[in-house]
Amino acid sequence: MNFASDNWAGAAPAVMSALSRHNSGFSPAYGTDPLTDSISRKFNDIFEREVAVFFVATGTAANALSLAALAKPGGAIFCHRDSHIHVDECNCPEFMTSGNKLVGISGSDGKYTPDQLREAMAAFPDGVVHHGQVASVSISQATESGTVYTLDEIAAIKEVARSRSVPLHMDGARFANALVTLGTTPAEMTWKAGVDVLSFGATKNGCWCAEAAVFFDPEAAKQFEYFRKRGGHLFSKSRFVAAQFDGYFEDGSWLATAAHANAMASQLAEGIRAQGGRTAWAVEANELFPILKRSQFEALEAAGAKLYEWPAKGLSENLAPKDDEVCLRMVTSFATTQDDVDAFLKVLSETA
Amino acid sequence: MNFASDNWAGAAPAVMSALSRHNSGFSPAYGTDPLTDSISRKFNDIFEREVAVFFVATGTAANALSLAALAKPGGAIFCHRDSHIHVDECNCPEFMTSGNKLVGISGSDGKYTPDQLREAMAAFPDGVVHHGQVASVSISQATESGTVYTLDEIAAIKEVARSRSVPLHMDGARFANALVTLGTTPAEMTWKAGVDVLSFGATKNGCWCAEAAVFFDPEAAKQFEYFRKRGGHLFSKSRFVAAQFDGYFEDGSWLATAAHANAMASQLAEGIRAQGGRTAWAVEANELFPILKRSQFEALEAAGAKLYEWPAKGLSENLAPKDDEVCLRMVTSFATTQDDVDAFLKVLSETA
Amino acid sequence: MNFASDNWAGAAPAVMSALSRHNSGFSPAYGTDPLTDSISRKFNDIFEREVAVFFVATGTAANALSLAALAKPGGAIFCHRDSHIHVDECNCPEFMTSGNKLVGISGSDGKYTPDQLREAMAAFPDGVVHHGQVASVSISQATESGTVYTLDEIAAIKEVARSRSVPLHMDGARFANALVTLGTTPAEMTWKAGVDVLSFGATKNGCWCAEAAVFFDPEAAKQFEYFRKRGGHLFSKSRFVAAQFDGYFEDGSWLATAAHANAMASQLAEGIRAQGGRTAWAVEANELFPILKRSQFEALEAAGAKLYEWPAKGLSENLAPKDDEVCLRMVTSFATTQDDVDAFLKVLSETA
Amino acid sequence: MNFASDNWAGAAPAVMSALSRHNSGFSPAYGTDPLTDSISRKFNDIFEREVAVFFVATGTAANALSLAALAKPGGAIFCHRDSHIHVDECNCPEFMTSGNKLVGISGSDGKYTPDQLREAMAAFPDGVVHHGQVASVSISQATESGTVYTLDEIAAIKEVARSRSVPLHMDGARFANALVTLGTTPAEMTWKAGVDVLSFGATKNGCWCAEAAVFFDPEAAKQFEYFRKRGGHLFSKSRFVAAQFDGYFEDGSWLATAAHANAMASQLAEGIRAQGGRTAWAVEANELFPILKRSQFEALEAAGAKLYEWPAKGLSENLAPKDDEVCLRMVTSFATTQDDVDAFLKVLSETA
């Protein structure tokens, strides 16, 4: 019953197998190997157009280096108040951008609206050097609250970004989960909706450490390889990242693992609701934030379940935890089993 | 006949096997897993004392983050003119240290002497704010020229560093190779000789991507975990780095692979000399820089050998390549076979 | 009728006179001149203890370099949401600190409370590397809203800072104005109340460009001269900053100019209230934020008054501007004349 | 007899007078005042074309911010080994460029040749990410050795820069002195010879603190105002910098002060040579490096002369100081008097 996080899992079988398969023999270093080349071209297929793609090994690197490529002196990066880049990366974005400021926007459900973005940007009028300048806009897909932006919502955010002539970045740490939720294509969910740069995450969904910065604007990509190397993020035995992607994409493995994780989360959410429980936000990907009785939480922990308390911010009065309740975070992954879901719901029903 | 680089190899069998072995099940993320803890303690055994050890995945990260932990505003880092940190890391050290300056010291054989270091430091007298201030001293072991500092040489360098109250960093990208060469212990080659911070490399010697910053001075280590995370170098599924080290250290695998690589390099060097050839520098680890007739180089390439031309700097007149000669770089590793060595020498003998 | 800003004035007569007086002859450069030495010691007298003082020429430099001296990798700086360091310095603090994050705290009247600070800091628990770490706390005295922290309020803020082991910085761009308001001593308003580092502003109160970073903690000051030079803020003809301070302090000139500015602001506020007007916040130093009828604002501008509209945030409903009203900012200085104050109030009375 | 440095002088009379003249009344802050506007346009006249000009107050700021505007991630800046940006600015260029590396080129007489530049650049081939990338080229005019690049020499340096598609920066800390030496125009000595960005120095030649970054390439200037503010180098009472330039340019004052300083240096050099002495390098501006008997140096110091020993590097054997000799640095300025020159030569003749 491990629902602690999708990064507590190891590598999915397809990924581990590809890693072994590509281990033998010699191969050029630092990203010049044929496998890296071949997998890079695979991204063109996935996104139905030519893209500039760069492999790194942590989501923080993918995000911060992408934002560095979009940075300006005195620049402001607009993101959700709870976004990973703002609260979970130890200022890596600030550091890699040489001091850009992250402007956290409030917003229910882990999303912010075009109006909220427009208002936040209004504090940075063009040409007022004191306040700095707008540099980029970032959204997370899926969000930190387990919700998913619709294509229309992304396009509307893009419109605001475009009105201030700044690019749109998407933190896709849970890209595949959101993709499966929307039942759309990678192209539709990114450049066709206005995304300029994507942090394409694969680690949480079954790799050891495989992430990619995907640029739909080749101009913005021009200096990226220098940012990556300057950050110490170019691997010598680079094929080991490409190999993970090879397994990840093989036979649609990545969509299957994401679909499985999402399904497990849905089952959990339905089971919780069936027993009169509720979740803080809609369960749209592989994260859920149930609000349970504290006694239930204790029973679950006693039964060996791994899940964490969560500081649920911004909930309406009727949603927010009562005195005897607690908001929790649960994350599912390719490694979550039906047995664990069943066991969890059984404990819950026994303590309802 | 692949002598291109030790990072053209994949992972050694013991490493790949450990990676598979540790793949199953859930494990806490971001370095809080039991395996990371256990392997960290293993470093205490290896170095015969308590050390502060931090895992990263690239040598550039290990170097630059270590130097960041030792940095000062306006600081100067003293290193060899040809060192990896100075010429091969795209200014990652400068960036991670917020602008420390790398002062490259000349020196034959890839090493510099205590006197050369003392003289270079003299340009930065204490308290003269214009020139900046001495911050740290770095040596590579083995060096970029394939040579190895003796324990006495390291201690002598340390004396100069101590006289200016700055710490000594060792770039140990080829630590195991040097260790085998000297036939000494990790403790003797580091803190007992005066090393304060070590970049412990394992990638070139059989891992996919496993490096460690090892601090013998706990005070200097205090902020390292923040530097690492700020640089995007803390892995979520961190056990995969620890797993590589587990295989690396198992049954002395790391010393065996280094010994093999060194032996292959020695055989090559001896074979070359036996045929009247010479090397630019003494062959003391797993790199050699033979000076061959250009016709021989062409024959070797025609026979499928992978090795590179090298701009041999600072050679004495009788050593330097003649008009019809070329200086080459060859690197051996755990993956170098006896067959390849024999084949290489055979081509050479046929073209002597 | 120029109430645009206290930095629209030139230099006060005592300052200009001192600058001329110290112009003749040769003097050592880069802060090693006798005048800089003598004025530095003058700061010991003013603060009734030994301090480490460093002259710079812009308030942004004083603030950002002070914060750099207190910075940590992944550090968080706690300040008011509207503080100068957060919204008016084009990310200079973020840049000089190599990416520290400014956490803006809401708070009425330009101040924040100990509880608000404590809550903001709670998002950065010790040892959680993802969120970064608490680095420093900053308050402005006087605040951006024209209010002044009492000694007790400063001490209470300090208590929270101390509970998290981080130093307290004071942005004293309008230090003299606050000092006069409180009728206290520089010592009482700074180190005796717990301030560790002070940006001592003199520019707005009668200098051309004279600011000082004053450290009450000598340990924190140790690297400052390198931060200053690394930032390009060490002047060659440094005596010209010291000369300004010489005139500034002469015969208590600095307290007289501040008292005058405060008195002018008080008169304006009283005159406005006498005519039934109101101010957004209490007028405690040399800034006031009157809420006037838009027609009055237009009449004032027509009469040649210089003052600006201000986006009054966080006002209670009965204070906030009505549809036909506008919130304005007015700043007084040594250069504000009684005639201008009278003329302003006359226009106001004619349009009441 | 003060020959310590041209920054030991105060402000020239025309500058001090202009500062007083522009002191009265109110004026918009932060560079939006009419005087700044008017003096900025004056630079168009001086350079016979439209330029983008930004005022700062230290030469280090002018240099480092200019180089920041030209920087690239992992960039290399090529300059003379002894240049101010490399050895006298406490890594401000490295810091402001977020870690560009300064590559110091050897060269006699304080200059380097096109061939030396080409060779230094060859270590940074295009597209080899490990080594970083060429970013900019910088020369000093006049040089740190008191020599002056001819127009042809500048143009030849530019050709090499152009061949690698990087811009040419000129550190003009002693711009006026070089201009007078060459008897040419500001346009000829800069953009017509290929200079893209100029640090226009005025402090050493008679201002308190007035420097300008002058961009001949408007594209490169686009972000400069943000770099300046981010560095804390935008002044609130900005007219005080403009006022200094107003006095500086009035009636050709700047050329007169430079001509005087150069003449004093020439007289000193001729006097020294007339007595059988020599200088380390040709005396072409307002610095000279005489090689005297140590006994003469002692006699001069005893007579009250201020001048410094200098580590004369790279001198040929017959030029270099003998055992009883010492190389000194002397700098003249607008404040150097004929009396002092005469007194100096008198002491020298008495000790010949």
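By letter and in written order, the chains are A, B, C and D; residue numbering begins at 1 in each of them.
Just so we're on the same page, a residue touches a chain if its C-beta (ideal position, glycine included) is under 8 Å from a C-beta of that chain, and two chains touch if they have at least 3 such contacts.
No experiment lies behind these values; they were computed from the predicted model shown.
Over half of the residue numbers at the interface between copies chain A and chain D are found on both sides, making the touching surfaces mostly the same. Of all the chains, the one whose CA centre sits at the greatest distance from that of chain B is C. Centre to centre, using the average C-alpha position, chain C and chain D are separated by 35 Å.
Each chain gets one centre point, the mean of its Cα atoms, and the points for chain A and chain D are 51 Å apart. Computed centre separation for the pair chain B/chain D is 41 angstrom, with centres defined by C-alpha atoms. Residues of chain A found to touch two or more other chains are 30, 73-74, 89-91, 95-96, 98-99, 129-130, 132, 226, 229-230, 234. Taken in their complex, chain B has these residues touching chain D: 73-75, 87-91, 94-102, 123, 129-132. Interface residues of chain B, counted against chain A in their complex, comprise 2, 4-5, 7-11, 16, 19-20, 22-30, 56-61, 64-65, 89-92, 95-96, 203-204, 208-209, 226, 229-237, 239-240, 306, 335. Residues 30, 68, 72-74, 98-99, 129-130, 132-133, 223, 225-230, 234 of chain C are the ones touching chain B in the complex.
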